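In order of appearance the chains are A, B, C and D, and numbering begins at 1 in each one.
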Amino acid sequence: MTKLCSLAEAVSQHVHDGDCVYAAGFTHLIPFAAGHEMIRQGRKNLTLARATPDLIYDQMVAAGCARKIIFSYMGNPGVGSLRILRTEVEAGRLEVDEYSHFGMITRLQAGASGLPFLPMNPTAAVDLEQSNPNIRRVIDPYSGRELIAVPALHPDVAIIHVQRADVNGNAQIWGILGEQKEVAFAARKVILTAEEIVEEDVIRSDPNRTMIPGFIVSAVCHVPYCAHPSYTQGYYDRDNAFYLEWDKISESPDAVQAWLQEWVYGVRDSLEYWDKLGAEVHNRLKVNPRLASPVNYGDY
Amino acid sequence: MTKLCSLAEAVSQHVHDGDCVYAAGFTHLIPFAAGHEMIRQGRKNLTLARATPDLIYDQMVAAGCARKIIFSYMGNPGVGSLRILRTEVEAGRLEVDEYSHFGMITRLQAGASGLPFLPMNPTAAVDLEQSNPNIRRVIDPYSGRELIAVPALHPDVAIIHVQRADVNGNAQIWGILGEQKEVAFAARKVILTAEEIVEEDVIRSDPNRTMIPGFIVSAVCHVPYCAHPSYTQGYYDRDNAFYLEWDKISESPDAVQAWLQEWVYGVRDSLEYWDKLGAEVHNRLKVNPRLASPVNYGDY
Amino acid sequence: MEHTASELMTVNAARLLRDGDVVFVGVGLPNLACNLARRTHAPNLVMIYEAGVIGARPARLPLSIGDPTLVSGALSVCSMYDIFTLYLQRGNVDVGFLGGAQIDKFGNINATVIGPYDHPKVRLPGSGGSQEIAAWANRCYIITPHQKRRFPEKVDFRTSAGFLSGKTERQVAGVRGGGPQAVVTDLGILEPDENGELILTALHPGVAVEQAVANTGWALRVSDQLKITELPGEEELRILREELDPTGIYIK
Amino acid sequence: MEHTASELMTVNAARLLRDGDVVFVGVGLPNLACNLARRTHAPNLVMIYEAGVIGARPARLPLSIGDPTLVSGALSVCSMYDIFTLYLQRGNVDVGFLGGAQIDKFGNINATVIGPYDHPKVRLPGSGGSQEIAAWANRCYIITPHQKRRFPEKVDFRTSAGFLSGKTERQVAGVRGGGPQAVVTDLGILEPDENGELILTALHPGVAVEQAVANTGWALRVSDQLKITELPGEEELRILREELDPTGIYIK
């Protein structure tokens, strides 16, 4: 029952032109390698959903993969704008479906729960609601008051990067959890990328750490360093220097295309990409260990 | 800022006659010692809420603590009836507010989330809904279909047993999680009982394991073996023999009162109770270690 | 080989499970049936417990569905809210097992009260997880001794929905699960016909149709393709007796 | 001691925090202000990040609010859905920090678009967490340079609610939080009057009222109890420069 395959195979088999794709991860565990693979395979007309589109969607939009974006914060975190997204939206070339973070995450929670919608308390800021017909009102049957509603989101494909998984797709995550679990259950298909493929016994030794059960996963890909320039807690650091550098690169469309040529089209896969980053970057992103206190489940 | 106190002090200060009390834990981590302390302190007219009232509420009702029960499964798990509860309900002496497990847990999730209600998909079984005016309908603003709604539950006091906590009430749980987190956030006050009080550094070494933050906790009590005859994963086993024995004891009101006299009124606290159980029981409930695989958070 | 009524029901229930099924397991016979299936024809069965345990591999027979042996060595543990939303309501559960004091002609189940709700003659435990399992699991199975008082024409209280008053009524209600697919008793197996009415579709070896009819509270119809079940096999009984319930708590 | 405008704003924002406050922290100056408060008068400050981190103790200055240094050594990490429901919507957050391209007379904030929403002249990042922080945190603070274009009479788009068109309108809307309590600028501090209108309540030493008025897009009223803030102290500046932002990313 192994679902192990290469990331190229997983993208080729499970991501189709026109799909709604959710590459998960709030700052942490963003599966850049999967974004790059979608670019290399020339996916078109995707609807790209993420709370924070981040550099991964700036790059995919620059490569012409997308026709629509679903999001709640379109910035380069701590740096400034996502220049390519901003330009495309200002030019009217990219369709927009926008929420607050809470609205976006609530859409996923509804989707993951098998509910058509979920309510949120009102915020008194109604301009976004008036601009987006997906945001509606629902009556609290107890007080008669109006709450805000958002509809379930069901991405066609979720891409979830994790610290460790077994070949069946049972996966464990620690550090920032973001919306990983909700996206996995909301989506129709799940592609899992993992820093490490481990024996099932490692997963079974700590069941409370398992966020995603294998039976909702379509493909498991062993992709070390998948998240660079994002990071994997305990494995490597966030490459803040690159986040700052992208702010410069993305000032010029030519520089962006040259970057894509060199770092995406010009490499075969994420291993070649990581190799190409070189020893200085590898060293800069290296992390010393800091272990969790032991936990005893007991032998019953 | 330590919140450490004895369980007797915590109950005396935070549980009042007439309160709605939720002693949390689905089979696992049921805080029996707190139930016994409420009996010893003679609490009256409580509303007792739990998905599974279990023996803890059968005993509290036998001791005359309660006027109402909020629940979703009134059985002795794997054994049969909760005889005392059943008798009181059949006699019309105990008010009933009943849900399915999902309805009960959804009430807690709504309460924990600060929402007045949450929706659930319909089940086509409408008899309970027709018997309980708290269960209502809400219109999905997207499809126009009716969903089921339950109102937020906000217990006055939650009692939560955990494996380990620091003196500020930051608490970690593993094994069956039940509704522990939801109850803690839904309640107005939280009394925490812990098998072990640990240094804050132990908690901070594994933040993903922390279910309850100290700042929502009112009192922290060090109560080893608090859960017996329920259990604490990794610490001691469930006393199935006592669950079977209670089925016999509770056939006779006199036997129940004698049991309460001997095991609740007749002991000062949970340590004396545990001591009184004796070496044979201690040995029978002992658990060999089975440790979780290490997890590295990284030193950033 | 000799066998008890419980062994007969357990073996027949186990045979209804398919390899790879995700099963919402209850205690007692369903638990035995799932573990038996996993050790025979369905090694990839995933056992889920409403306490929030996924992929349990119990090393001993648990008395309750919240036993620590279900947790140690499980694939995943999550909150009860997650189990009921992400797993059951989302449609990730293939099979649910149900039980109750009364099961009626259309597979509706009563686990709540005998007599009126406000003044019950007998107060039963109530729904627990069953209201939603009956609605949302793809397939539901019921294991119960075949007794007239357990099979009334109409239940006193619908704790969980079978086919209501007929299959179209369930379809109109729009619940996602397929409803009860079989009731395994100590006399045979009942299955819903095209209208959702439970009819006798199989008898265990040596049982007469009349026995089943006499022990059913409605006019039990008999399938024109009535089957005879296969006797429990030696290996099935060995696993039940030696591995799963060595002290005979449930199979006696 | 000499100080920069950023240091001045950070120190004044830090002084608004109370010991024991649970603060929803943003990156940049709010992060510096919280860490400064924790190292001075508010050692029990609990820092929460929308990424799902509670009680962070960052060993270095994070560029983003999802930095791994926020996780290692934190009290707790939970999902984003939990952070927004259990913590923010439930009312467990005392203080939120907000920012945006425009802040108007009633403390409403625009972080979404300049120009019409469907054909924006400038597309800004959007709400992120701010729509709900502004509504549900007990108190909100805003740190921003004092410039006329940042302080229009009315924002182009209300990303998050201040006092709307006046305090009663916010009260009628029934949102639980108290709204913006102070706007800390490099010239002074604005606070809402009884109607929710932001008025000048403090000036930094050496700043004239006219400067503040000239750099505000509405007719800025001045409190009749106008205060002068205390200069940043030596210890405050030392902590900022040596411990919190040694390379001067934010305080320069």
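The working rule: a residue touches a chain if its C-beta (ideal position, glycine included) is under 8 Å from a C-beta of that chain, and two chains touch if they have at least 3 such contacts.
Since the model is a prediction, treat every value here as computed from it, not as a measurement.
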Minimum number of chain-to-chain contact steps, chain A to chain B: 1
Distance-maximising chain from chain C - centres being C-alpha averages: D
Gap in Å, rounded to a whole number, between the CA centres of chain D and chain C: 57
Chain A-chain D separation of Cα centroids, rounded to whole Å: 28
Distance from the mean Cα position of chain C to that of chain A, given in whole angstrom: 40
Residue numbers of chain C (touch at least two other chains): 53, 67-68, 71-73, 77, 89, 136, 176
Residues of chain B touching at least two other chains: 114-115, 120-121, 145, 174-175, 177, 181, 205, 208, 233, 237, 287, 290, 297-300
Overall pattern in which the protein chains touch one another (line/ring/star/complete/other): other
Every chain pair meeting the contact rule: A-B, A-C, A-D, B-C, B-D
Partner chain A, residues of chain B touching it in the complex: 114-121, 136-143, 145, 147, 149, 151, 174-175, 177, 202, 205-206, 208-209, 233-235, 237, 287-300
Complex contacts: residues of chain A adjacent to chain C: 1, 112-115, 170, 181, 185, 200, 203-205, 207-208, 210-211, 213-216, 297-300
Chain C residues within the chain A interface of the complex: 20, 22, 44, 46, 53-55, 57, 59-60, 67-69, 71-77, 85-86, 89-92, 136, 176
Of chain D, residues touching chain A in the complex: 27-28, 50-53, 62-68, 70-73, 77-81, 84, 88-89, 108, 112, 117-123, 125-132, 134-136, 157-161, 164, 169-170, 173-176
Residue numbers on chain B that touch chain C, as the complex places them: 26-28, 51-52, 71-75, 77-79, 81-82, 86, 89-90, 92, 98-103, 105-106, 108-109, 120-128, 131, 145, 174-182, 231, 233, 237-238, 240, 243-244, 287, 290
